[in-house]
Structure formats: C-alpha cells, structure tokens
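Next up: the structures, one after another.
Next come two complexes built around chain A: one with chain B, the other with chain C.
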Partner chain A sequence: MDAAIQIIITGLTLGAMYALASVGLALTYGTMGMFNMAHGMFMTIGAYASYSLSSAFGAPLPLALVAGICAGAISGSLLHLLIVRFMLHTEDFQTTIMVATAGVAIALQDLILKRYGAYPFKQPAQIEGSFRLAGTAISYQSIVIVAMAALLIGALAWLLTYTKFGLAIRATAMNQDAAKLMGVRTERTYLQVIVIAGVLASAAGILISSLAGLSPAMGTDPLIRAFIICVVAGLGSVTGAGLAAIMMGLFEAAISYYIGARFGLPVMLGLVVLILIFRPAGLFGRMEVVRS
Partner chain B sequence: MDEKRDCEMGSSRRGFLKGGLLGLGSAAVLATLNESAVAQSADPVIVGAPLQLTGAGAADGIEFKQGLELAAEEINASGGILGRQVKIVTADTESGGDDLITSAGQRLIDRDGASALIAGYNFGSQTALQNVAADASVVYLHADTARAHTDLVSKNPGRYWGSFMYCPSELYYGFAFLNFIKHLEDTGQLKAPNKKIAIVTGPLVYSINIANSIKSDAAKYGYEISLFETVQAPTTDWGPTLAKLREDKPGFIVVTHFFPQDQAQFMIQFLANPTNSLVYLQYGASLAAFRDLAGDASVGVLYATNIGVLSGEVSEEFAKKYLGRYGAKASPNGGAQTYEALHLFAQAAALAGGVGKAYEEEQSKKVAARLKESIFRGPTGVIRFDQKAQQAFSYPVQTKDPSLGMAHIFSQIKRKEENGYIISPTPYETAQFELPKWMQA
Partner chain C sequence: MSQLSEIQRHLVAAVLFIAAMATLPYFVSERYLLGQIIVFMLWASVATQWNVLTGHAGVFSLGQMLFFSVGSYTVGMAGTYLGTSPWISMPVGAVLSAVAALLIGIACLRLASAYVALLTFAIVFMVQALIVTDPNCFTNNGGVCLPLFGGGNGFSGFADFGFRKLLKGDWIVGNYFVILASLTLSLFASIIVIHGRLGLAFRALNDSQLYAASRGLNRTRFRVTVFVITAFFTGLSGSVYAAHFRFAGPSLFEMPTLVLILAMVIVGGLRSTWGPILGAAAMMVLVEIAKGMGDVRNTAVGVVLVLFVLLFPKGIAGAAGRTLRMFRAQRSAERPEIAERRFDATKTEIAR
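Here is the complex of A and B:
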C-alpha cells in the first residue's frame, strides 16, 4: 500500500512537471509548426529569474514566482519579435526554425553560465516539510508542484476553449489561411502562443529547480522528455500532451519501482518507438492536427 | 584485490625511497631552484586544463579551475618554472564523453600550445586524455580515481609514460568502506539493526565500480547486499527507490551515484520518513553544493574521499587561503586537487631542467621521471606514485605509513555550514563518529 501511494505521488509530481514542460511545446508546434529548441531555455530563464529576485533582493516567494513566469513570457516574446517572425514565411520554416532556436538556446545557456557560473544554487522558491498519508511521507513541495501545474494547465484549457482568444489560436492551428480570411491576425496569435509557452515553461523550470537546484543546462533533460511526450501524445495535441505527461510520469514511477530506476527512460523511449509504429499520429493525435 | 597486490608489487618502499624526492613545500623548493636559474625563454609555460566547466560535473570543474589559478599565482610569485611564468588555459569538456574530452585536450595542445595537461576528473571512459597525452608526448596529471587508468598504464607503460593519476583508483572505496563500518561495529560506536547493505549506484563507471567492489567483498566482512539499485542521472524524485529502501530496512545505505544535487534530494526525501540506517554518500557530500542544497538534511551524513583536504598545518593553511579567496561556498576538497597537481608538476619540471614541448618527448620524459620519483605533501596528503600503474598509493589501504600514501578519509557532516569532520583514519581525525539523529541508539 505504501509503495502504491509512493508511486502515485512520484508519478503525479513527475507528470505535473512534464506536463508544464510539454504543453507549451505542443501548443507551439500545433499552432505554428515550430519545434522550439529554445523551449528548455525558457525553463532555465524562469528558474534563474525567480532565484535572482528572491535571493538577491529578498523578494517574497509569490513575487519571485511571478517574476520568474514574467521572465519566461518576456523571453518568448523576444524570441518571436527578434527571430521567429522574420522566418515565418521562409521556405522550410519547420527545419530552419529548429536550427535557429537551437542556436538561440546555446547562446542563452552560455550567457547564463557567464553571469551565474555553474554552481548548482538552491532555488529559494520552495516549501519545506511533509505530511503523512497512510504511512507514506508526502512533501508539501510535491503538492505545490501538482497544484501549480493543474492551475496553469487548467487556465490554459479554459483560455483555449472558452475565449475568443483561444478560438483564434485553435482556428490558426487548424488552418492558417482560413483563419486569416475570418479576420484572425495570425502573426499576433503566434506571438501570444510563444508567450504562453514561455509562461508554462518558466513555471516548469521554477518547479524543477526546486527539486534539482539551478544549473545553466537544467532545461536540457526536461526538453528531451517534453519532446518524447509530444510525440507520444501526437504532435500538436495540447490536451494529449497534458494527459500523456501524467501517464508517462506514473508509468516511469511504476517502472522505477517494479523493474528498476534505470529502466524509466529507456522504457519510455521503447514506448515511443512502438507508438510511432502502430499509431504514427500519436495516442491523442489526428493526422489533420499536424500542419502540412 | 588483484590491483591492490599489483600496486604493492609495482614499487617496493625501499626501492622508492632510494630515488625518492620529498616535497617539503613546493613554493620554497621552486624558489630555491629559480634563484640559480636563468630564464630559458620569455614565453610562458602553457598548462592546459581540460575541465568540466558546464554540465553535471561543473560544481567540481569550477573548483578545479580555481585550484589551478591559485597554484599558478603562487608558482609565478616564486619565479615561475625556472624563470618562465605559468599560464593556465582551460577547455570545457562539458561533463561529456570521450569525444568532447578528447577534442578539448587536443585543442589545448594544438591551438593553445600546452606543454602539459592537468585536470581534476572527467567523465567518459577515463582513458581519453591519456591517449591525447601519449600521442602528443606531454605529461598528463589527473584525479579520475579510475581503475581504467591503472589498467591502461600498467599494460602499456611504453606508450603512457606521461600519464599520472595523483590519487588512488576507485576500487579502494569498496574495501575501505567495509573495513570502516566493521570497525565502527567492532568498537561499539555503532549498533546497526542488521547486516544488510542497500547499494544505490548511478550510470557512470566510477559509481558502478565502487558499488561492485562493495558488493563483491561484503560477504567477506560479514555483510549481505539486500538491494542493488541503479538510478539515472539526474534523479530528482527518489520516491520509488526510497519505497524499496523503506521496505528493505537495511542497516546501511550506500549511495555511490555522486552528483551533489541528486544526493541532496535523496537526503531531503529520505528524512521525510527515515529508516534506521547509516547513510554513506560517495564523494558528492564532500562538496559545499551538497550542504547548500540539502541544508539540515546534510547533518549526520557520512562520506569518504581518497583525495580530500586533511587536518594539520599544510591542509588547514590551504583551506583558509582557498576559502578566503573564493568565498565560503567554495570547496577546498575540489580545488586542492589541481592546486597540488600543478605544484607537483612545477617542482618536477624545475628539477628536470624545464618543461617539454608537445611532440618532442625527450624533455617531457625527464619531467615524467621526476614525477615518478616524487614524494609530495599537498593539502590532501602525500602523493607517491606506484611505479607500474602511475597512480598514487592509498593510505591505509595500501600502505600503513601515512607519510607514504594519499589518505582515504571518512568524514561526517556535523553542521550544515561547515565541511565534514574527518573521523578516520588516524592521525588525521578531527572528531568522533556520532550516531546520526535519525538512527536509534
């Protein structure tokens, strides 16, 4: 019983962090056909911004969290305004934007390294302590991680489903030309999408760094997992990415307990291969979701 | 055990002392040599440092860089190496594998003109830089703590004459740990609830070799391995592994996965519902980053290193100087490694008549010969090389004389603000073992 609760808690914690990391990536791909290789850097920037405000200026925890998320949003908008918008209509956009954003990620990582060094600073934005549930210790930080992921992803789902703003994003994702004809300003929609991705990723970065500490390369591992989750879910499927992230978190925790901790990622990768063979569009994807 | 025997056979104490060279304060020795020297060249001596300045091993890589900088300043203040100033050039190995490590080493030699390579440890197969050094005929000093080095050099000394590991290999951690816990139990300092040892290792060769060496010898010391788990790197959520440990309830938990960030999370999550187990964390807990991240959860943890700053005048003076220069968050244990390696190299090069040039082996071979003869006392103990494997001897595992081997120290963290206190071996201990607060007496 204790083990089962532990697996569920670990799975939900991992899944929540994966979800925040992957939903923004899925949204960007689904709307713009853009695989953002700098997505991991949004996480890093959010984590460092939160750390800087909290430790250097003594800002309270909520303010530091908000600052980190704002830093992610600003990073997203700058990426769009300075690079993406100039490449949107170029030939082979999907390929060239991957290379361009990979370059941005490398440059940003080096800048952070230069500014902060590689010392694994402790993220002040965390809550210490734990409580017991049927004999299993559950940390308050895990609860915060799950709650924050649920809040942000819930807000995104509401935004996409019930607002005109969300309708514009969905319309653009379905058919860019048709959306334009219906009066949607698609370029502004793209900017909004990248900002949302930046917000979610920076929140993920803050939460991940609360467990792992800060490092300039901290976004790399979550980015790889986010890519895996997006492929499993179906490229561009936002809801699917959220659900797949939770499933993968639970799956990884169960594999770690029942088979061995080292098999978590290899089994996940094996699963991706199987899904690509038997369901090329992913578990939740439809072929038409993917822009041609 | 074979390696232990090989090392003992590789160099007799009598044979070594015959040609031995005692390093009683490298700066003073260098200054004396420099007094009578005429500068051989106005060009600085370039020492290449292939270090992991980014990625998972960066916490240590930064310390290694700082240690080199501090040593270079001291050497230059003493007149350099026979009048030539020492200049450190670093190349980032990115905590990566052999491809990145090799290219970093090669760049330092071919682009920067390095006359020697000095590093702390790098990841990969831990044989990459030996090959770079052998191809370029330069001296290479490192602290990989790797059996891979001893195997490589022992089997082909004609090729790897210039590669030296200035610490013992990781295999000694196994015997030393088992010996240590048995001693704690035999002397009544610890009454473990059972003889079970749970081992948690990581994906890197260093961690796996230590875990395997404990596993293979446990029965000889009267212990059984009840759990052997390999985790990924990084591991931030230890839930499933801790669930297994809590079911197993071992008397001893050994974590050989050595990343300080991951070890810190292990302790924080373990202490939420601890078992009555002695916790030993390999190496990572010796770094300030571990205490910084784990906070109160770091107190009571045991760790060991076979290349850590000792007690006593030489070591304490270094630690004070290092912390004064780089701040309270710096780790003298890391910086001391490259610090003493550069001092050792400078002294050997001065005695050999100067440093060599890449691809011209004659002078570098003279430096290597001097290194092989040296007995050098640095902040982490005595570096005396086994003549066959070109690794430092371990005290007390290989030699019972503390003046002839690098001390394998066990430490316990007593306060989160301070480095751990050495609790073994004699004569370096600074405190007694204390039962961790989560264990029952």
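Here is the complex of A and C:
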C-alpha cells in the first residue's frame, strides 16, 4: 500500500512536469508543423532566469517564478521573430525547422555554459517541508508542482476552448488556408503559439530544476521525454499529450520502483515503438493529423 | 565528356578527388594538419552517407551517430576484451551497424518523417544513458572498474592499425591512407546509390508518391534498404575512427557532435552529391577559427547552421551551382547554337 501511494505521488509529480514540457511542443507541431528542437532550451532559460533573479537579487519565490516564465515567453517570441517567421513558407519546413532549431539549441546551450559554467547548481526557488499521508511522506514541493502544472494547463485548456483567441489557434491547426480566409491572422497565431509553448516549457524547467538542479544540459532529458510523449499521443494532439504525460509519469515511477531508475526511459521507448507498430498515428492521433 | 553518363561523370570526379587527397601527405608534413585532414575525411564520410539518407531518400534520421558508435564500440570492445586487431573487427563493426539499422528501420521507417527523427533521436539518447549509468563492473583492470560497455569513460588504448611498428615516425601516414580508403568506399557507394537505380526510385517517390507506389515501388522497403546501406558505411567510418584515435566512448553520442555533422550536410548542400564534402571542409575550417577565438565552437556551429538554413537553404553546392548556371547562361547568350544543348544539360542537372 505504501509503495502504491509512493508510486502514485512520484508518478503524478513526474507526469505533471512532463505534461507541462510536452503540451507546448504538441501545440506548436499541431498548429504549424514545427518540431522545436530548442524547446528544451526554453526550460533551461526559464530555470536559469529564475535562479539568477533569486540568487543575485534575492527576489521572493513568486517573483522569481514569474521572471522565469517571462524569460520563456521572450525567448519564444524572439525565436519566432528572428527565425521561424522567415521559414514558414519554404519547402520542407518540417525538416529544416528542426535543423535550424537544433542549431539554436546548441548555440544557446554553449552560451549558458560559458556564462554559468558546467557545474550544476541547486535551484534556490524551493519550498521546504513535507507532511504525512497514510504513512507516506509527501513533500510540499511535489504538491506545488502538481498544482502549478494543473493551473497552467487548465488555463491553456480554457484559452483553447472558450476564447476567440483559442478558436483562432484551433482553426489554424485544422486548416491554415481556410483559417486565413475566415480572417484569422495566421502569422500572429503562430507567434502566440510559440510564446505559449515558451511559457509552459519555462515553467516546466523551473519545476524540474527545483528537483534535479540546474545545468546547461538540463533541458535535454525532459525534451526527449516530451518527444516520446508527443509521439505516443500522436503528433499534434494536445489533449493526448497531456494524458500521455501523466500515464508516462506513473509508468516511469512504477518501473523505477520495481526495476531501477535507469530502465525508466528504455522501457518507455520500447513500449512506444510497440504502440507505433500497431497504431502508426499514435494513441490519440487521427490519421489525417499526420500523414504517415 | 558528353558521352559519359551522369553516374560516370561523378565517378570520374570521385577518382580525381581521391587521387588529389592521396597526394596530400607528400606535401603536408605537419602532423597536426594531417590529423585535422584525417578528422575531415572521417566526418566527410559520415556526412556523405547522411546526405544520401536525408537529402535523397528523405529519411530524416537523427540516429547516424548511433551507427557510427556501433562501429567504434565494436572495435573498442573487441580490442579491449579479446585483443582483436582492428583489421578484423572493423568489417564486423560495419556489419553490426547495418544490423542495428535493419532492426531500427523495420520498426520506425513506416512512420512519417517527423516521427522517424524523434524516435531515432530518442533511441540514441537512451543508448547513451544506458551506457553511462551502467553501475556493474565487467572486469577490474588493475583496480579500475570497467563496465561491459565502458561506462562514462569508454574504451581507450586498445590496438590500432599497427603502423607504429611498421612505419615508425610516419605511422600517421599509414592511418591516413586507411581512412582515405574508407572515405573512398563511402563516396563511391553514395554516388552509386544517388545516381543508380535506388536514386531513381527515390526521385520517383519524391515526384509523386502515389504514382510511384502504383507502379510497384515499395517506399518502406527502399527506405529500409538505404537506411541499412548508409548505416554500414557510417559504421565503417566509426570503426576506422576508433582504430585511429584508439578511443570509443559515450562522448560520440553527444548532441554537439551530431549538430556539427548535420551542419556539414546542410552547409554543403542537402540533396547534392558533393555538398557534404565541401560542407565538411568548410565546417572544419570554421571550427578551427572558432577554437582560436576562445573556444566558441558550438556557438559558431549553431549560428552558422541557422544562417545557412535561413539564407542558403541549398548550401554551398546549391549556391555554386547557381553561379555556374548564371555564368553558362551568359556565355551561351553569346553563342546561341550551343545554348540549346547547354540548357538541356543544366536542366537535367537541376533535376538531380
């Protein structure tokens, strides 16, 4: 029983972080067919921004959090304005954008390495303490992580379902040309989508760094997991990515508990390949979302 | 020249290129420079294969360094555990890479290209993580724990080609020619694939997938075939790399290495035949300059990659081809009777 509670708590915490990391990725792919290899850098930038603010200026926790998220939003909009905007209508956009964002990712990672050094830091924006539930210690930290992920993803879901702004995004995702004909400014929608992805990813980065610490390469591991989650869900399926992330988190926690932490990712990946052999469009993907 | 077919012209050019490379050690005596040329040849071979796969077959794989590493690790492990000479383990490494590619290809290549990229990337990352985090010792070499796959440090100091005994101070020239031989194989294979029947199939599939499929071309089977072929030569380069540097370790899987070689392909020109060679040379020079400016290597590679994608999506080869065509068009404007023939020739060239 203890083990089960422990696994569920760890799994939900992991799943919440994975969901934050992958929903933005799924949204950008679904809306504009862009797979962002620099998505992991949004996480790193968010984490380092809130670290810098709270360690250098002693800013209180909420302020550091907001600053990190703003940094994510700013880097998202810069990525769009400086690079993505010019590539939208080129041929092979899907491939070339991955190449370009991979270039951005290693350049940024190198710059962060030069500025902060390779030595991992502890994220100062932390919440101490824990309480006990049915004999299992639950840290306030993981409660905050789950709550914050739920808040942000809830807000995104509300935006996408109930606002005109969300309607424009969904319309663009369904059919760019038709959306344009209906008066949606698709170029602006793309910018908004990347900013949203930056916000979610930087929040994920801050939360992840509060558990695992800061390092220039910290974005790689969650990025790979986000890739796998998006692939399982079916590329571009936003709700699917959220659900798949929670499933993956629980699953990984169980595997780490019973087999060992180093087999979490390999077993997940093996499972994904199996799923794809039988469902090439992913668990939640519709065939027409991505042509295989 | 006009009687030669497309493929023959490229093969002649390849022979000339290789011959020129073979004379280099007689002019270059500085060991550092020779070492850098060796690195250039190794990466040029990997980039050439990657271009065949991504530029021509349309398989956007991010797993090329995995196949490279399979070759390297085969030589490293055989040398460390069995004391095998790389002359025996190199072909084995190439074959093992091809087998790995066959397995991954069957599992992944039916999917859309974004899925292929993500899955291959994830597989490489997973293999690296498994190797680095292996806590169990396989052997204890003088109190030093060595996991089965080398752990975080990898393998080093195993047997090389054996030129140190044979050629004494000039051993690096011996290594140079072995690596040149592997580049030669890789280059010839790429030309035969691109301009041969397989390449024709990919052009047909690119032009119209439906029509090609209805004429009986099996897309997945062609993609798996080319995946295996390119992995074989990538693995061969990897095993030669291991035997030259006497090193095989998890640093081969790192993201900067992958992006550097990707940059070679893109800067040189995706979809060309000779682009990756040009790109490899250009990136080697860039890395050398960046090293001199205080190790801004990865930043420079990233920035150049982004600039090329934005400004010269067809790479150096594409830009050179365009200038050449403009030049030819100018000349043929002066002599109209040749213009017709030239134009036809350039048209087929563009189609390539």
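Everything that follows uses one rule, which is that the second predicted complex is superposed on the first by the 288 of 292 C-alpha atoms of A that agree within 3 Å, B and C clash if a C-alpha of one lies under 4 Å from a C-alpha of the other, contacts with A are read in each partner's own complex, and residues count from 1 in each chain.
Basically, a residue touches a chain if its C-beta (ideal position, glycine included) is under 8 Å from a C-beta of that chain, and two chains touch if they have at least 3 such contacts.
Everything quoted here is computed from the prediction, not taken from an experiment.
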Query - Fit-or-clash call for chain B and chain C when the two complexes are aligned on chain A - result: clash
Report task. Identify the partner contact of A:262: answer first if only chain B is touched, second if only chain C is, both if each is, neither if none is. Result -> both
Query raised in the report: Which holds for A:182: it touches chain B only (first), chain C only (second), both, or neither?
Result: neither
Requested in this report: In the overlay, answer first, second, both or neither for which of chain B and chain C A:66 touches.
Outcome: neither
Query - Contacts of A:155 with chain B and chain C, given as first, second, both or neither - result: neither
**Report entry** Partner chain in contact with A:81 - chain B first, chain C second, else both or neither
**Finding:** neither
Report task. Could you say whether A:104 touches chain B, chain C, both of them, or neither, answering first, second, both or neither? Result -> second
Query raised in the report: Touching A:139 in the superposition: chain B (first), chain C (second), both, neither?
Result: first
Report task. Figure out whether A:277 sits in contact with chain B (first) or chain C (second), or with both, or with neither. Result -> second
Report summary line: Both partners, chain B and chain C, contact chain A at residues 109, 217, 262, 265
**Report entry** Complex interface listing, chain B residues touching chain A
**Finding:** 53-56, 58-59, 61-62, 203, 229-232, 234-237, 239-244, 246-247, 260-262, 264-265, 268-269, 272-273, 289, 292-293, 295, 329
Requested in this report: Write out the stretch or stretches of chain A touching chain C in their complex.
Outcome: 29, 35, 83, 86-87, 90, 94-96, 98-100, 102-111, 114, 217, 220, 224, 227-228, 230-231, 235, 262, 265-266, 269, 272-273, 276-277, 280, 290-292
Requested in this report: Using the touch definition up top, name the residues of chain A that touch chain B in the complex.
Outcome: 2-3, 6-7, 9-10, 13-14, 109, 113, 117-122, 130, 132, 135-137, 139, 208, 211-213, 215-217, 221, 253-254, 256-257, 260-262, 264-265
Query raised in the report: Tell me, which parts of chain C touch chain A in their complex?
Result: 54, 60, 107-108, 110-115, 117-119, 121-123, 125-126, 129-130, 133-134, 255-256, 259, 262-263, 266, 296-299, 301-306, 309-310, 313
